Structures are given as C-alpha cells and as structure tokens.
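Here you go, one structure.
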C-alpha cells in the first residue's frame, strides 16, 4: 500500500483528492495538513464523514516528506515552492498542484507570477500531462500538475499543432469555467448572488494560464506560438468548456480531422473523441478524469472549431494528479479513476 | 459474476444504475432494454462512453428474466406491473423501482394510483428499505424500492415513531427535491426557465408518496399514522432535503435525542447521524447512498425538528436498489456503493 | 419632489431601493452614504450606470436628517440604532430596514439581539406592514420595515389567526429563501459552490425572525402564539416561499378558506390570492412588491397548508419600504411599484 | 393612447412585451392572440396577474391589423410571414420578432431558413436596430427585430468594422446565451437537468444568426465579411454575453479604442461603454434594454477582444421591439424602457 500525504488538504483540490483516493485500491492517505492542524477531515468536509477519519496536522514538510511515499502539494503558488524542496529532501515524490513548477524557465514564471525561490528544481520538474510526457513522468520525482485551463486547451489543440495543420498565429481559446476553479475562499468573485444566473469574462489578455498554454503548444509545434485566451466565469460548480478556433492551412473535412484526433489519442485512457455531429458538454465529464473533444470544420471560413470539456477539479487538478501518481508509482494508469461521470 | 438486466434503461434511474454498477466488483450488466431497442447506451448517455458498451434491446421480459440473475425494473408505475410477473417467471429476482409493488394492500394502491393487475404479488413483494426489512429482503424474489420522498421521511422519523416519543398526530413532512425526481421527460415542470432561480410547492395534500410514508410509519408505530406531506421543486439536479416536525410527548434535549438516533442506526452502513449543532445538506450526499440526519429539540415549542438529506437518484432510487441487490445476492451490503459524495 | 436619502446604500437593500426609486414619479434620491464615501453609485453598482449618478458620502446622520424629507436606513441592526435618533432630530422621517425598531418591547429585542440604546423610540416606531398598520404608518415619523421572513409568514397566516380559525398551538412555518437575504458580504454561507445545486436548513428553532412572527400573530390573535419556524437557504438570488401549516378548528373547504382570504385582503394593492388549484412560486413575484398566497385544506389531516411567495428584497425589504414611504408621504401607495415581476 | 396588439402572446417574447408595456405611458395593449384563444393572460402568466386582464383570441390578422395602430408579431419564423401581409393590409404598422423579414435578399433567407412567401415585403422591411437604421425605422411600416445574437455581436463590432480598424477576415464571435432564448417549449434542450450546472456549444458553424451578423457587418464595412460564430447554452434564464475577437490593422491602446466607441455611440440611450479595466456581465443588464460594451486591446497578439452583454429577451427581442415602436410612433425612444436592470 502506497503511503500518500496531502499538504493543504482543506481546499477544493484537497477535497477532490480525498474523494478520488477513497476508492483507490493501492494508495492510502496517511497524513494531511493545513495551516492550523487539529481538526478531523470529516469535520471540515462533512460529505466525507464515514469515508475518511484523519486528523489534520499543521504543515511539517520534513516529517511529511519522510513518512510518505508521495505527497500531493495543494498549496497556492508561492506557498508551494516554500515547501516542495523540503518534501523532496525527505524522500517523498512530490506532485505539486500549484503553478510553481510548471515552467522550465524561471524568467517566464517570474514574468507572470513572482520571484522564484527554487529555480534549480524547474529543470527537474516534469509537466504532468501524461498524454505528452508519460515517459518522463514515470521517472520524475517532482511533477507539476497543469493548470485547469491549459489542460483543456492543450489537449484540444495538440493534434492540429503537432501535425502542422493550422496557422499558429490564428489561435483563439475561449474558455468557460465553473466556480470551484476560483477556490474555496469567499470573495466577491465567488459570492453566489454575483455568479448565479449570469456570466462574465475576466482576465482578458492577462490570465496567468496563457503562457502555460503557449509554452506547451510551442513545444508541440517546435516554434513559438501566441494565443488569445479568454476565461469566463460560468454559473456551475465544476467544469471547463474550451472553444478553440484556428485557421486550417488547407481544407479538411470534419470527418478527416476527427480521424486524425482519434488516431492521435488512440492509446489514451482518458481522452474521448466525439463522433461527427456531437460536441462535448461539461456535464458529461462531471467528477471524472475524462477529456472530451469534438470539432467542426467550417468550410465557409476555413476555420476549425474545437470544443473540449474537462472537470476542472478532476482532470484539471486532482484527477490529473492521481493519474500522474499512478504513472510515477507504476500502477495501472486508471487506478482509482474508473468511476463514470456523475450525470445527471 | 452476477448477471443483471435493466428494463427501462434510458431514464435517470437507469443512468444512475449504470453509473453505480460500472464499478461494482461482483455484478455485470448483461442486458438492457427500452421501448425501442437498437441504440448503444453510450449514444444515449454520452457521459458513459468508455464505461459501458451495450446495445439496448426492446422490452422482452421473458428473455430478460431467463438470462439474468437479477433484473432492475426502471419503468413507470403501471408499465412495471405488466412486466414484473413475466420477469419473475423467467427465474430472475426482480428489483422494481416503480410504485407498483410498494403496498401490501391492493386497495390502498388503487386509491392513489390505478387498478392493480398483479395483486397476488403484493404479499410477496418486500419493501426495499434494508434499514427496516433486511431479513425479508435477503429472502425476497421481488423487492419494491421505496419512493424517494418516503426514503428520506421514514428514515428521519423512524426512531421517534418506533420508540413512541412523539405525538403521532402532529407530524409534518416538508420536503425539497431536485428536478431529476421529475424524470427525464421534457415538460413544463422540468423546463429550465420555469425552475431556475425559484422554488415552488406542488402536490400539496395529494402527493402519492403520502400513503407510502404513512404505511411504514404506521407499521413502526403499530398504529395508524397520518402525516401532512408537502413536496417542493428546488433548483438543483439531485437531492431531497426533508424537514420534519413533531410534538415531543415529553421534553428531551437535542443531545439525548441524537443519542437515541445514533443507537437506533448504529449498524447501518448508509445512515450518518450528525453531531449537535450541525445539520445535513443535500450537497453533502450528492451521488452517494448516504442518508444524513440531524435534529434540534425546541424547548420553546415542545417540538423536535428533524432534517434528513438523501440523493433522490442514489439512496432514493438506484443506490437503494443496488443496496437491496447486495442484500438479496449475499454480497457485502456496500459493494459498489463506497465512493464518497461528489462535493463540491 | 420629495427628497430622500439612503444611509448604507452599498448593500443589496440599498441597490434595490435605487432600482425602485429610479422610476418613482414623486421622489428623488438626493443623498446616499456608506461607511467610506467618495465613490459614485454607478461604480459600485454598474447595473445602475445611466440611471443614477450620485457620489456617496460617509455617514453623517445629522446632515442627512436635515436635508432629506425621508431617509431609508439600510444599516445592519445595532449600527442602525446608533444613527436613527440623530436622523430623526434632523427633521427627516425615517424608514429603518434593520431589526432595531421592530419590537415595542426592549426586553424582547434584547433577548434575541443585543442591548438596545434607544428604547424610548420603540414605542413611537410603527411596524411597516401597511396591510395591518396603515393608519399608524400614515402618521409615523419612524417606521420599522419588517423582516423578510416575517412579511411572508404573517401575511400567510393573518386571516386564519385573526378570525380564530386555527389551533394557534399548531403553527409550523417552513420557509425557503434566496441567497440575497444573507447579504452582500462574501462568507462561506454565500459562496457559490456551497450554495449551488443544493439546499440546507439553518437557524432551526433559533432564528431571530421567530419572535417577530410571533409578536404580530399574537397581536392579531389577541393572545400569545408560539410558532416553529425553519428557514432554508435555496439556490436562487431572490424570493421567499413560505409553507405554513396549522390545524383547522373546524373543517373548512379550500374554496371557503380562499373566499375568506380574498375578502380579508380585498383592498390590498399588493396581495394576490391564488385561485383554487394554483399555488404561488417565487419566480412569479421576482422583482415585484406582490405577496402571492394560495392554500389547500387537507381533510385527511384536518390541516390547512398555506403557501406564500414574496421577493425578499422587494416586498421583504426595499419594496415594502417604498410602500411605507408612499403611505407616510401621502402618495399613491403603489407609486413606483407598478412594474410587473421579471418573469421569466 | 396608441393601441397595440400582440400576435403570439403566450411565449417568452410575448410575456416580455407585456411586462414592458405594463408601465409604458403612451401605449395600451388592446388585443392579444395565440393559436387557441379563450384564456386570460393572467392565467397563462400568473406573474402578470393584477397587471394585465385581457382575454386572448385566436389569430385573426385581418381584425387585429384593422383595430390596432401597431402589432407586435411574436410568432416563429414561417408562421410570421403568413400573417404579416394581412396585418399590414389592415392598416397597422408591424414589428416582427421572427427572422422572416430580417434579410433584404430572399435568396439569403432561403439558404438558411425556408422558402419565402412574401418576398416583395423584404425590400420594404427595415432592420430594427435604431443604432444604425433609426431614420428608416421612423418611416417604416414593417420593422424586423434583429435576432438576439446579432444584436449583441453587431453592436460589439460595429465601430471597428465601420472605421476600418480590423482585419475583417479575422472575426470570431463566441456567444453565451441564457435558456429563454430557446423558447418556452419543453424539449430535451431546455430540460432543467440537461442545462443546470453545465455548459455546451451548439450550432457550431451552422447557426442561422450567422448570415444576419455577416449581412449587417458587411453593410457597415461596405464589403463582404464572414465570421466564425459559436453560440453556447449557459445555465441562466436571460442574457447573452458575446466575446468577439479580431486582429487590429494597427496597434491601438485599450483607452484609444474605448474613446472611439464612446464617440461612436455617444447619442445612443441604450449603449453603455465601460471604462478601461471593467467588462460587462449579463447580470448587469438583466431585464433592461441596455447593451453594455467593454474591450481590451492585447498588444501581445495584436488582437482586440470586445465583450458585450444584453438581455436576450429585452434588447435582444421585446425591448428592442418597444424601442423600435417608440421610434416608429414618434414617442420618446426610451418610453417604457427606463427601469434599471434587476440586479441582484
């Protein structure tokens, strides 16, 4: 039985890890922490009563790193890089859900976030998208789980970019996210009455997930790519729907493009390519680790429109983290991730 | 591996069974039907793609009853009693999710529903609440899964009624249900714009779940009980919150009453009694088979207020059905039902 | 043109007053304040841009009381009673939306709230339900707008209580409120993800609106009444649905009871009695000052079930306040309140 | 007092007209029809009880055209063109809310819709966007109210297109609509459980509002324009948020672009240009006739991102229709449209 720890267990990604690992056959949570320890998980998350019975400690990265085989670090960016080096020194493998280790290049991180205090680790950290970096994740001691928006966007665009089918100057990524992506902290942004029965755009031309999307599309294309990325806050708990647009370099039918996608992702356990005429919905992936992808080739405009759906807390965070853990630990990649979406 | 069939697999209770049984270790769905066969389950329920790959047939109770060990009948009332006798003749055990076999007394059924065409089976059918009828369910060939509202109401009130602590003339049951309880059929009642951002009462003093609640409370009390029951349609997918009121025959503190509840349900794997000062929420049981119960004793009015929460599609229908199947088939009662609620 | 001020204009009741008064023919907002002044209303409430152009000041009750004919005080309880005496001294009539002047009896206030610092005003303040206290409101200098729950509950039960038709020991008030009732402040209670797609009870047997309901039902009955009152937080912006239960002293048909209600409220411009077979929905009053009432007499249990719907921000707060102002100022009672509900 | 009729009064656009006209100072609804007459409006729309008391007739375009000064035709496309010629012959001016008279070119209509049976009227009909066609609307006898999506899209892009600031081959229009846009008819698309807590794209590269957007942008640009348009179904009652993208022909700052927009729309009573750093939300226009517009110039990609918000039932349908009526009838353009949005 693998011993896992969760640092920062009281937020939504922590709760989602606890939900998923409750039925994982090979892993046991043996330690969990938050800023102030002392409470039982089942008092913080009454939904988990009867499924978890574990008292939170305060953060002690040295102890947690020493006694766990793997630690999920669910802290916000900046707080995370203060803990991860110590966790690693303790011997544990680390799966970090913050942005702190998502970039190889400290300068890029610092342009969009803040000063990096552990830049040496950036070269060792592996970006946790098994669909593209499986072999490296298998050998990694530190994996950086992708941002929720980049997960949906990169998977939607990768086949086109990798195969050189689109004008890489023409990419638009228009994403619609549920509110859990904004975290458990009560703010004006997350106030029910501000969100319910309405929709808004935010972070236009300035959201921090932009460079992450660009970085990995650029690697796939082997040339620099810039994208226009607009996130929207949508009145739903979970889910990201990404609608991506790009000019096709030459005419291709929807059917032909879908063939390319199906082949590209044929060995992926968590990517579902939709048949022609059907498009993903966030509700059809709710609570699951799937990335659903559909597309339409528009001969009128010469563009392809790709729609992807993920659950931001599952494939977009904690489910992706469990998938990475399975790869790192030599377990079946879908262990603990086999339950279908909750729909309806 | 137990071979299970689902008759009427294209509605919400069918979808929920497929979701739950996808991870059940001992059961395999080998047949599923709807009025018109031919479609693959994964085309009807895109959420299930990659988890189920099974072509629906049209209804053939004889064949399904012969080739399955157990059949879940997810048809509406009336349609159900036309199929169940044949299913049973085929040899399968039957778990019926309609109202058709919930009453022992044909007259009571006919007062609230319609003419009964298989009254002889009523005496053999067992009401599928393992919390009260486990021994009989174990030996049953036909189990009638309780209505969603009665499940939440009976479990909330049973300890008080059974132990004679309340004035049984004073019971009010005020329930709030999600919209999936109204079924998958598009109607004015289920139109998004009619439901969203509002709440309404319906079926006041006339809802068909009333006699079912009364029947089982009366058995527990060993005397006839009548209740005032009001359901409300709430803007949410799933969940029933039941707020029940009754006059205490003598003063008892919240803490004392909670002790009685904890003891009453101490061996139940799916009943969670909340600590004093905390009350259930539907979100904390979403997608799970739990019944959460909390209460407050109000010394000002001499009443006890009990709040219970279930997921109407899980414990209130398909989860309860799987629990019954486990009992009938000699499996661990929580097999396939161990995943925590989806929260958030 | 009547000059009105709003003290505490940056919350939801302030916003609602601004919305309603924007089309009031006889009133002009000439002053508005919040703790820290300086911002324009249209920056705080972008929805109001182009409809209001007014810079908020910090609180100055002396100045506001002197230059306004009437002041709406939208502060929380306690903060309110610190301002109201000064506002009155300035010469303005005051309509207070907090709980501070809703009780005649300081002891009752202090039992449920906090120490009262202006008890002398309690005898002069008039409870702002024109349906029962119109004549006194007309002459009042200080009106206390009722709580949102009491408004829906008292109007639902008044005819039965006043006419002695029910057992006053049997009253249950089960209410379901939208989230705006919890105020604009971000808290765990108002976090979208905590509220969306779920429902919960709160304040069971302890909510501060209980004594207010009891106080006014007791006056109508001319004897002390206690009720069981349970509020629920419902995933919607606005609206309170109240389901009230009581034992009838003698059998009466639904039709007969509706006749009594229609007659009781025949001159009320904002009470709509529903025909037999129809019940109110919160959505049908959204944004309006209506109180909708329907009922069912249940001969099986001898109870009457009354359902009322109001918009908690309109009739339950700012609309009720405007109605009171109209009465106090000798304007047509429905001035500025004529727009139909926003439905859908 | 102008006598107005509504043909097809029982859907959402009919309900919205009734809501708006209830407080219009110069107009009185004297006739309303639906397929089968006989019911009172207040029984179809209980929200309107006490505000309208009018019995619906069955459709009789001759009679309605003769006795009304103006008729709002709220029928679906195809049904509309069967009625409009007769309405006009009766003498009434007609404001049609369907697609039937939105195109000058019958061939374009027939490419996207169906055979046109009154093509002669297409040259006489005026497109009901007063922001661009005010002078012609003033003299028109037949006005075609724009589609909801085109209203938001055209107003968002018009200044850029008209002034030649963008590459017209680069336009993407990504829109998010509330469910009332799908109509009052219960379908799988409008089922609460299908919509709630999720989002989906639909009509990708094939939605019928595409040619309408292109037609009017092309007129403004004086050259043919094609756009990629993707609508999304969002869990909300009302509102359309449009996020539009285009390549700037030369660098311009956000501030400079906003200046251009402010000047372009300076005389428009219902267009609000947001200050730099703020973007529209659907909730801030709910129930009002405003079009809110904000934008960001992205120097990284050379694109401008424009966000517009309208209420699809108000400015996007019935509010726009009332605005047109005011222009046609020589009334103040904002008569009956002065109430602020319902927010929260």
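All chains are identified by letter, namely A, B, C and D, in their written order; residue positions are counted from 1 within each chain.
In this section, a residue touches a chain if its C-beta (ideal position, glycine included) is under 8 Å from a C-beta of that chain, and two chains touch if they have at least 3 such contacts.
These numbers were taken from a predicted model, which means no experiment stands behind them.
**Q** Where centres are the averaged C-alpha coordinates, which chain has the largest centre distance to subunit A?
**A** Checked the centroid distances; the maximum from subunit A is C.
**Q** C-D versus A-C: which has more C-beta pairs touching?
**A** By number of C-beta pairs in contact, C-D is the larger.
**Q** Rounded to a whole Å, what is the gap between the Cα centroids of subunit A and subunit C?
**A** 46
**Q** CA centre of subunit B versus CA centre of subunit C: separation in Å?
**A** A distance of 39 Å separates the two centres.
**Q** Between subunit C and subunit D, what distance separates the C-alpha centroids? Give it in angstrom.
**A** 36
**Q** Using the touch rule from the top of the page, what residues of subunit A touch 2 or more other chains?
**A** 12, 180, 193-194, 196-197, 235-238, 281, 283, 286, 344
**Q** Taking the touch rule as given, give the residues of subunit D at its contact with subunit B in the complex, in rising order.
**A** Spelled out, the residues of subunit D in touch with subunit B are 12, 179-180, 184, 186-188, 190-197, 235-237.
**Q** Please output the residues of subunit D touching subunit C within their complex, sorted ascending.
**A** 12, 15, 18-19, 22-23, 45-52, 180, 196-197, 237-238, 272, 274, 278, 281, 283-288, 290, 292, 313, 338-344
**Q** Flag every residue of subunit B that touches subunit C in the complex, lowest number first.
**A** Subunit B residues touching subunit C: 170, 172, 174, 176, 178, 193-194, 196-202, 204-206, 226-228, 230, 232, 234-239, 241, 243, 245, 279-283, 286, 296-298, 300-301, 303, 305, 307, 344.
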